[in-house]
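So that you can tell them apart, the chains are marked A, B, C, D, E and F in the order they are listed, and the count of residues begins at 1 in each.
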Amino acid sequence: MAPVALAPSPITPTVDFDRDGVQHGFLRLPYSRDDSAWGSVMIPLTVVRNGSGPTALLTGANHGDEYEGAVALFDLAQTLTADRIAGRVIIVPAMNYPAFQAGTRTSPIDKGNLNRSFPGRPDGTVTQKIADYFARELLPQADLVMDIHSGGRTLDFVPFAAAHILPDKDQEARCFAAVAAFAAPFSMRMLEIDAVGMYDTAAEELGKTFVTTELGGGGTGRAETIAIAKRGVRNVLRHAGILTDGLPADGRAEASRWLDMPSGDCFRFAEDSGLIEACVDLGQPVRAGDLLARIHPIGRTGLAPAEYRAALDGILAARHFPGLVKAGDCIAVVGTVES
Amino acid sequence: MAPVALAPSPITPTVDFDRDGVQHGFLRLPYSRDDSAWGSVMIPLTVVRNGSGPTALLTGANHGDEYEGAVALFDLAQTLTADRIAGRVIIVPAMNYPAFQAGTRTSPIDKGNLNRSFPGRPDGTVTQKIADYFARELLPQADLVMDIHSGGRTLDFVPFAAAHILPDKDQEARCFAAVAAFAAPFSMRMLEIDAVGMYDTAAEELGKTFVTTELGGGGTGRAETIAIAKRGVRNVLRHAGILTDGLPADGRAEASRWLDMPSGDCFRFAEDSGLIEACVDLGQPVRAGDLLARIHPIGRTGLAPAEYRAALDGILAARHFPGLVKAGDCIAVVGTVES
Amino acid sequence: MAPVALAPSPITPTVDFDRDGVQHGFLRLPYSRDDSAWGSVMIPLTVVRNGSGPTALLTGANHGDEYEGAVALFDLAQTLTADRIAGRVIIVPAMNYPAFQAGTRTSPIDKGNLNRSFPGRPDGTVTQKIADYFARELLPQADLVMDIHSGGRTLDFVPFAAAHILPDKDQEARCFAAVAAFAAPFSMRMLEIDAVGMYDTAAEELGKTFVTTELGGGGTGRAETIAIAKRGVRNVLRHAGILTDGLPADGRAEASRWLDMPSGDCFRFAEDSGLIEACVDLGQPVRAGDLLARIHPIGRTGLAPAEYRAALDGILAARHFPGLVKAGDCIAVVGTVES
Amino acid sequence: MAPVALAPSPITPTVDFDRDGVQHGFLRLPYSRDDSAWGSVMIPLTVVRNGSGPTALLTGANHGDEYEGAVALFDLAQTLTADRIAGRVIIVPAMNYPAFQAGTRTSPIDKGNLNRSFPGRPDGTVTQKIADYFARELLPQADLVMDIHSGGRTLDFVPFAAAHILPDKDQEARCFAAVAAFAAPFSMRMLEIDAVGMYDTAAEELGKTFVTTELGGGGTGRAETIAIAKRGVRNVLRHAGILTDGLPADGRAEASRWLDMPSGDCFRFAEDSGLIEACVDLGQPVRAGDLLARIHPIGRTGLAPAEYRAALDGILAARHFPGLVKAGDCIAVVGTVES
Amino acid sequence: MAPVALAPSPITPTVDFDRDGVQHGFLRLPYSRDDSAWGSVMIPLTVVRNGSGPTALLTGANHGDEYEGAVALFDLAQTLTADRIAGRVIIVPAMNYPAFQAGTRTSPIDKGNLNRSFPGRPDGTVTQKIADYFARELLPQADLVMDIHSGGRTLDFVPFAAAHILPDKDQEARCFAAVAAFAAPFSMRMLEIDAVGMYDTAAEELGKTFVTTELGGGGTGRAETIAIAKRGVRNVLRHAGILTDGLPADGRAEASRWLDMPSGDCFRFAEDSGLIEACVDLGQPVRAGDLLARIHPIGRTGLAPAEYRAALDGILAARHFPGLVKAGDCIAVVGTVES
Amino acid sequence: MAPVALAPSPITPTVDFDRDGVQHGFLRLPYSRDDSAWGSVMIPLTVVRNGSGPTALLTGANHGDEYEGAVALFDLAQTLTADRIAGRVIIVPAMNYPAFQAGTRTSPIDKGNLNRSFPGRPDGTVTQKIADYFARELLPQADLVMDIHSGGRTLDFVPFAAAHILPDKDQEARCFAAVAAFAAPFSMRMLEIDAVGMYDTAAEELGKTFVTTELGGGGTGRAETIAIAKRGVRNVLRHAGILTDGLPADGRAEASRWLDMPSGDCFRFAEDSGLIEACVDLGQPVRAGDLLARIHPIGRTGLAPAEYRAALDGILAARHFPGLVKAGDCIAVVGTVES
């Protein structure tokens, strides 16, 4: 059965992807609404091109409240010049731009979680239209794809770059080489259980070299984590032969520690709502049975808090960020590290 | 002219402040509203009393999104026993309880900033009624008053305990002795420029020994900062002779560094809105002229960020927390430290 | 010292209070706002006059979600003719009209609880302006004032008419004679503890004969309770010699049972939030110690509900209406009845 | 053509349905959102099992503002012990748990009406995911299915248990036997015109014995209607041989009156918005032509109300609950009763 | 492959389309929601019929904030009598009635843009259900279809009637004859690039004579533009032989100027947000390179505004209406006019 | 009795009002809130000074949805140079800046109508603090005060400049001379009935030459009305001897028509809600008894509209703008013009 032909994307770029030099422009996505009948979402992007080499597609703010990637890429877009590269760099600092403007994980327009909206639809919601444009127009043009995440307002992570375990071992090797080049404090090998709707999957299924990260969280960017992002982006571009500034890699890949989340036991979910008392900080070692956090009921004083303990040995790799917690929230992730 | 007699407070406590032992109860504040015609705000509190010694009044969540104090005090309320004290401890873990439940700085009921609502009014808004009850009923019963703040969701601080420079030098000395007993990593001597409406002022004007803190921020509590709060509370209670558990102070007061914010030059306010790039992290040294942060415009790529630099030497003592910033936000505070 | 002269009310009536016959019109209250720069609140009213006899001022929906009075008075306004009266009847079926339109206790404009806003202010909020107009313009014109309440969306009452115990015993006698004339199933003698801001007080302080009611609740009107309101209004107007239709009173005053709420023990407040299980229905007898209601925690199954019991003998006179309850809500009122 | 294989449900139970004894736990439904990136909806449930007998699946709050079922089932979950049953009872007191927490008919997350969302989708909205889990995981495990409804905040019903007229007359007979066992004041035989999306249909299509109810409404539960629910649940479990406490049925099935809604003429819809004047109360007899309700325009006084009359003889079986009504609302349902 | 049979529409008309005379009634669309479990959307309509002649289907407020059509059609519905017509006129003054009540372009219920929702779905959202009813029930009954648009709150147009360039040239000729009969100040020949989801397309695909308009905008109706609508509707009905009042056409078709928007260069989109300074008014001539508008940044004073210029010669045919503009908004449309 | 000393304003300007040259800066108003604990409102302003001549204080967007003044003043601030003036010009293009950013009449922070908030309070709401700063800091520095209004989103006016009839006839003459210099199409002599809280009054009571305007409305600015504002501002500055560019006045004062609103009969208020049908456009002549507008009920078709007629001869000077109208809205103002 022949596949149904999809309509063309409604998104119009204001740049020419095939022109040499630096162009700053927009992806214009028509969006008719109560406060603008003929309005559009304008997603800023920069294209830097110098001849016919490989293409890197760099994105931040896939979730709108994750800032390290957005800072690193607004910075790169403003400073990168064509004479320092070979090939092409496409920079979209804030992929889910409506969410980024609002400072929220999902889009305020349609509540869309962009990283669960792939492959998208040209006639769908605004978020689905963005996904469709990346899936059908931008990803096919790329060789290297880097999508920079952090934990957002409600999670905090130790900083790591990561790639997935893939059926194509050659592709997998390319991805992990890029992860190593990124040279974050931690590096991670991920086995995706639930890959439905992810940008990662869309890129990987097209055979691209795909790198992602988690570089912090809490809805802020610290000087340290922003520096990791800025360095990592340049390191990977140098590794790919696109950035040709002749500088050495910044930071040594060997210093990165390999992190793993081997099973569902890594994750602790709250069964209680209340005030969370963190008992371990990110990166600290824990042993099975150690107290990770306590949840105090807030309706009265004098009640005993609920206790949540580690199910395996490792380090605290991620944690619930806000001071209040609801039943069902993931409160802690314990990862294992290679000794 | 005789002062106007204020009406009695509408708040009713469900505990007897003069009874020995541990009591867990509420301050019940009648609040008629659309979803409960005869409803009330119920503010949890605990009173622990053992004889006729001095009274400590301990509060957290004066701003609803500050968590170290609330955790330390829910914990204290649940674990403190009368046999370990001499005198009385009144514990209100979440002073602006409606704000605390909502996880917001101000009250969702009336947008009241409790720490700018003193001395309050018995016939005012809910927040003003809380202020009035503390000002007229609880503060007069206390000898020692400790109000534990953090930066909340939008600011982050290096952890310090603090007291104000006061006209009564004897009172001031009592306050700074309590600050030293708290033994936070930093200690601070504050000259309040604008004391209008503050709980601090209400307590100080009654001659009380008053200690406050800033112990972190960002709308979370870390294991480290929560531990500082828990230790500090007990240290001060021991110092005051109320906690009589015979244990030594936890942490040495001498290790605390004295921090100062000598002038308006300490504070940097944004004149631009956009994406903030932190260039220094909390506690790091800065010199006058150093770049503290940059603000990237987010409407387009390719524009130069605005730069914000330090006006004096010191350490980064506080910073804007969220990744996005609005013109008018305080983005950084440089404090000076005693060498 | 001379009192400060208040500005005139900004409210303009579109009727002439001194003209004979039936007039349907409005109280026009200018209200500038985002969606109407030169807008107004229009409060419907009817004036029926026949010569120079006494004036009755009849009001409903003082709280906007109480319906028996509004129905009885829209009905009376539409059917009363001047030839059937002697004197004057001023009918305002929905006193807090913005709240009534929204179906809420308080005004959606300013959250004002009209019955706690007296004596009001001519330069205050919309709700305060309504209070001021009644206090300074309508009450002084009246001899008999009847304000018909019910429990609203969140409370439910056994149906009663009521008046206050007053220092002027002659006035008090006039009030209770009118209560008896109303002939509701229950009648009540109220000692107001907290009279601040009430319409009742504003009327009583001017020496008026004042009657109020609670006729049901839950945000609905039943055929039975609406009929009580319609009969009661006419009964009182006949009693006052204003309605001269020659018909006898509808219902016998002797059949009404006298209800009392002698102390604070009548009221039970929730200390728990959750799902309420009513154990007694309105009007049923209870004895001290009887279970009135249970509150089930809803975060988990398997937890024991909290129990709330009667503190004295009587009947269940009022109860919390919604299926969910919050800590601080009044869940039950036990009243005593004359045997 | 082979059906498309559905993805597995994302919902994880924290209980083991095949284990004997009492287990209190949750259905955990992952739900990523702005205020919790890795959050979940936690739906409380209880499983009581004693050997290999039949399974009853009991649910309340399919619509979140219906309380009799939720109270009866939280109570049953807390009190039922394994030794008093043979087989298994699965109790979900609040099926559309997000709606139940909010006190609304539909889910605050996605506005989903759960009872119109079947068979659901594993990759759909939160409400569709709940429907899918019941359709594919819980219903197949059940023999007897009881879903306890009331009218919710906007409708009020005379209390009845009901089942549908079904093509499989044997199944139909089982259902009506269970209805009779419930022994509500009224019992009803329903011919579903529009069965699309209903839980009822999903259960019936799997051949289950299905009973439903309408036990009151208005967003409250009265002591009387809660008692009907508690008795009815136990009566049906005894009838099914699952509850083996040896007690007799509570209430006699013969006392229940059979109710019918034979045609569209039973339903009266408003063509006017305004203030509703109920003229008949629930359960009262009406004859064709009788006035059921009047709607008063609220924009002015002095206008005649619109009248709504019965189209056939019967009793008032249901009515619009709030005091205000909008054009299009169903204001009254007249049912016929067997003499 | 046989098409999937759609379910019947849930919409019930309260009028009989085949009865002679004037009927005022509703399309009743059941809509269960939190504030009315058994509620409906009631869309007013009028049917005037006199024998078996052709049928005109007239609609306004397809977008809820467009007023000329709604005024002309409420007026026509109230004044048209059966004796002045031959055939049938179906009048729906406010097609997307929930949007019209709210004064918004899209439906407040589901954010549906009705004119992008065709052919709709009987089991979809409220807006999709309206589309489906028009597509399957009303359009098939019509010969002539007129849908009266304006610019809404955010756009303003010179007044024109329009039809599409169609593959069936006979149908096209019928449409343009009707446009000419309308006799608006401007007339337009449109080549639809993106016809997906439009009512226009649904009507044209059924072979109907279809006329549309843009008659002003800004969320208001002026006396002049309302008069154009009222005249145009009657002119077209006379042209179609349905209005048989014997009056001549009001206004001369020859006076209308033919307007064209030949390419994408007609449209100017904002790349900046800020305060818009209109430099040309509607209907004024412009030449390529002329300044159309400037956008002033509002974050500071002293910054140069961005300039937007015409790309071709013509007149200003449409413009952004609100004083503030967002990046992505269409700020001006230049149309060409036949000399 | 000595007046109570007011606290100093919390507002800090970032410019030096006494320095020669052009300065672009802000009024920084500290505003602590949930999304910025140490945030501020930043109100842009420009000061241009050349020596010691008179000072003009120019303001727009006193109501946030009025655009002609804001455009003219952002433009003036960006283009005015010190060498073209003698004295000083203080330009605040958007006086109620939070309202201006939101595009609303009143402040989104506190719903404050700035032009009804004078003299303001230094410890009040944000809007009251702005008023206080103008009243106590800026007005005293000014000789000439010009505040440029339009109708905003909900009203539309014929364009006029205006001043008040004042007790000081010399001051009044200065004001009207400035009005004449403005040279708008209409000029108006206003007798303020209700001057409470107005900026106008605050300026006039200090003896300043005060000019105001109404230059259009509907929440937009047309090229024509913006040009009137830009010309008028420069005309008045030339008239005052501050703008010394040697150019002649733009437009002739003699061409302006003098407009009057002599009594309450000029104003027509709606007693009905619905769809408004404008029958006269702005500037058109009307005679007493002429139909100004009709209001169509929208709940049904077939009902007669309510008619609103002129009470005196004149021109239509202002009108309700939105297509829907609520009871209480001012729908039309008839002004008289000098022949």
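Methods note: a residue touches a chain if its C-beta (ideal position, glycine included) is under 8 Å from a C-beta of that chain, and two chains touch if they have at least 3 such contacts.
Quick caveat: nothing in here was measured; it's all calculated off a predicted structure.
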Go through A-D and A-C and name the pair with more C-beta contacts between its chains.
A-D
Of the pairs given as B-F, E-F or C-D, which one copies C-F, with over half of its contacts the same by residue number?
B-F
Averaging C-alpha coordinates per chain, one finds the centres of subunit B and subunit D separated by a number of Å equal to 49
Counting only Cα atoms for the centres, state how far subunit D is from subunit F in Å.
59
Chain centre separation (subunit A, subunit B; CA means) in Å:
35
If I count partner chains per residue in subunit D, which residues reach a count of at least 2?
26, 65, 271, 299-300, 322, 327
Provide the residue numbers of subunit E that touch subunit D in the complex, in ascending order.
7, 10, 14, 26, 28-29, 31-42, 123
Per the touch rule, the subunit F residues reaching subunit E in their complex are 22, 24, 26, 44-46, 65, 67, 70-71, 74-75, 77-78, 91, 93-94, 100-101, 103, 156, 218-224, 226, 275-281, 284, 296, 298-305, 321-324
Touching subunit C in the complex, subunit F uses residues 63, 65, 104-106, 111, 113, 116, 151-155, 194, 196, 269, 271, 320, 322, 326-330
List of subunit F residues in touch with subunit D within their complex:
271-273, 299-300, 327
